[in-house]
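What follows are several structures.
Each of the next two complexes has chain A plus one more chain, namely chain B in the first and chain C in the second.
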Partner chain A sequence: MHSFGQRANAIATFSLTILAVICSLASFTDNFSAPSPKAEVKVSNFNWLQKQRNGNDEASLTLNISADLQSLFTWNTKQVFVFLAAEYETPKNALNQISLWDKIISSKDLAKFSIRISNKYRFIDQGSNLRGRDYNLTLHWHVMPKTGKMFADKMSMTGFRLPEEYR
Partner chain B sequence: MEKAGLPEPITKRRRMGWIRENVDSIRSLQKRQVLTQAVSLGMIVTSALIIWKGLMCVTGSESPVVVVLSGSMEPGFKRGDILFLHMSKDPIRAGEIVVFNIDGREIPIVHRVIKVHERQDTGEVDVLTKGDNNFGDDRLLYAHGQLWLQQHHIMGRAVGFLPYVGWVTIIMTEKPIIKYLLIGVLGLLVITSKE
Partner chain C sequence: MDWQGQKLAEKLMQIFLVAFAIVAFVVGYALGSFQAMLLIYAGGVLLTALVTVPNWPAFNRHQLIWLDPSEVDRHPRPQAAASQSLKKKTTKQK
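Showing the complex of A and B:
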């Protein structure tokens, strides 16, 4: 009545459907978690502010970053990508986002940390607008699931200001 | 003799008629079957096309699903994972994973945005990307002398993720024999299957 091919086809279709349903359910459960991450960032030392030969300003700073992102982890979380960006406005650009540091957190145990580090990526402006510039430091986190929808959030810390003169 | 000889032509005629009828029915049946199979094959192809084009409309991206080919975003995305793209009007922001095309490069790249400069007057963006697993940023991958990506380079941003499924495509592009074999077997199945 039913050939081997028909049976194999039915089994394959059914199991793939079930797999897809389970994957989307796993992704859906992420909606019920209400994470409460905590983070604090301080500029522990301002190293220097200079004008490059091509006219762009570059700054260097040392950061104290402590964060507890353990609540972001659910059973469907593969990793959390966390990065710190300096964000500021200049006459030329409505928004400048410069990533200064980032880290891949692969497990819940590693999600609570405190480090002191100088900026990993160069803090360079498009132009020479960094002197006396107000900026904020924003910690962003992007949660990568084992399967399904990715989500992201951030925490902004305001009230930072670059020095008035090159040094 | 006459009586005995009479039945013969009738049975002959009958037999001839029976065969003709049967042949005719087989002929028409085959025609019908071939037609149905052609139609069902067409349905499969067109529904696949409809799903693909529909996804293009919904997501606003010219390729709504991409397969990760390199390990530059590990451990987040591995080779063979599938990404779902979305192209909304929202401006690009740091941290987002975008798929972009470089002039003179055939294969699009999936990397994370680490720097954004958005113009005050025009709202145009300059974007710098980097692979999570790479040591340096992507300026070496860009076209010669190119420092930033602009909006038109970007095909979409990754919003969802499905592991392993892309291996099917990778295997089929790298071993075309398997592709032709698969198409041949499937085609044969469609043609020979009754109903």
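Showing the complex of A and C:
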């Protein structure tokens, strides 16, 4: 502490140490929040199911997505990434996941929404397994905090079935 | 900055930073605003730097008083021979 530089150095190191501590504490407070997100996805219209020239099946749907993810936001939340995946089982693979739609929610105000949209990303199977296939639509969300650990959760909506024939 | 001033500056720095951190965290949590926490703490760090980093006169109130150089001539360093004779005297006394 005998010189200007020494004191400047001391305050820089000590203040950054404390900054790390309060950021950890902020992250720790997230443990006290108990989020209760709600979501509902419906297929409002089935558009078509086709076989591509290379042999892969492709489907097109119009989706009704309504969700209330406001409870995921705490004072330490930067943003929430949410995506909707079609999940189904084929003889070759126990789990196939195809992302149909996604969104970055940057604030709590935008976390409650209801939209009607055709699938943003193409619903293509690697093969011709889609005819008559049962699938579920799963809404996944990844919460990105300002400091601390990311965490993810999901909500599954079951009972969807693709048509038996191409149309 | 003198010795007492250095001690005071270090103590002030630690107390200020910890106090601002506590206030910043509590206010930020109460308002639900991470930004408020960071701004209050940043303000606190700046204020602390302003108080403790420059060499303010308040840190120089206990200057060491050195002896005048003329004292050296008045009190010459004792000679090695003299000290030896002293030792001998003390042993004899025993």
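Basically, the second predicted complex is superposed on the first by the 166 of 167 C-alpha atoms of A that agree within 3 Å, B and C clash if a C-alpha of one lies under 4 Å from a C-alpha of the other, contacts with A are read in each partner's own complex, and residues count from 1 in each chain.
The rule is simple: a contact is a pair of C-beta atoms (placed from the backbone, for glycine too) under 8 Å apart; a residue touches a chain by one contact, two chains touch by 3 or more.
Quick caveat: nothing in here was measured; it's all calculated off a predicted structure.
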Touched partner set for A:Val21, first chain B, second chain C, both or neither: second
Which of chain B and chain C A:His142 touches, first, second, both or neither: first
Greater chain A contact set [chain C / chain B]: B
First, second, both or neither for A:Val43, with chain B first and chain C second: neither
Partner chain in contact with A:Ala94 - chain B first, chain C second, else both or neither: first
Chain B versus chain C as contact partner of A:Asn76, first or second or both or neither: second
First (chain B), second (chain C), both or neither touched by A:Met155: neither
Doubly contacted chain A residues - partners chain C and chain B: 146
Complex contact set, residues of chain A against chain B: 5, 23, 27, 78-79, 81, 83, 85, 90-99, 102, 104, 106, 121, 126, 140, 142, 144-150, 152
Residues of chain B that touch chain A when the two form their complex: 75-77, 93-97, 112, 114-120, 123, 126, 132, 137, 158-163, 189, 193
Parts of chain C lying in touch with chain A, wherever the complex brings them together: 1, 6-7, 9-10, 13-14, 17-18, 21, 24-25, 28-29, 31-34, 37, 41, 45, 48-49, 52-55
Interface residues, chain A side, partner chain C - complex: 1-2, 4, 7-8, 10-11, 14-15, 18-19, 21-22, 25-26, 29, 74-76, 146
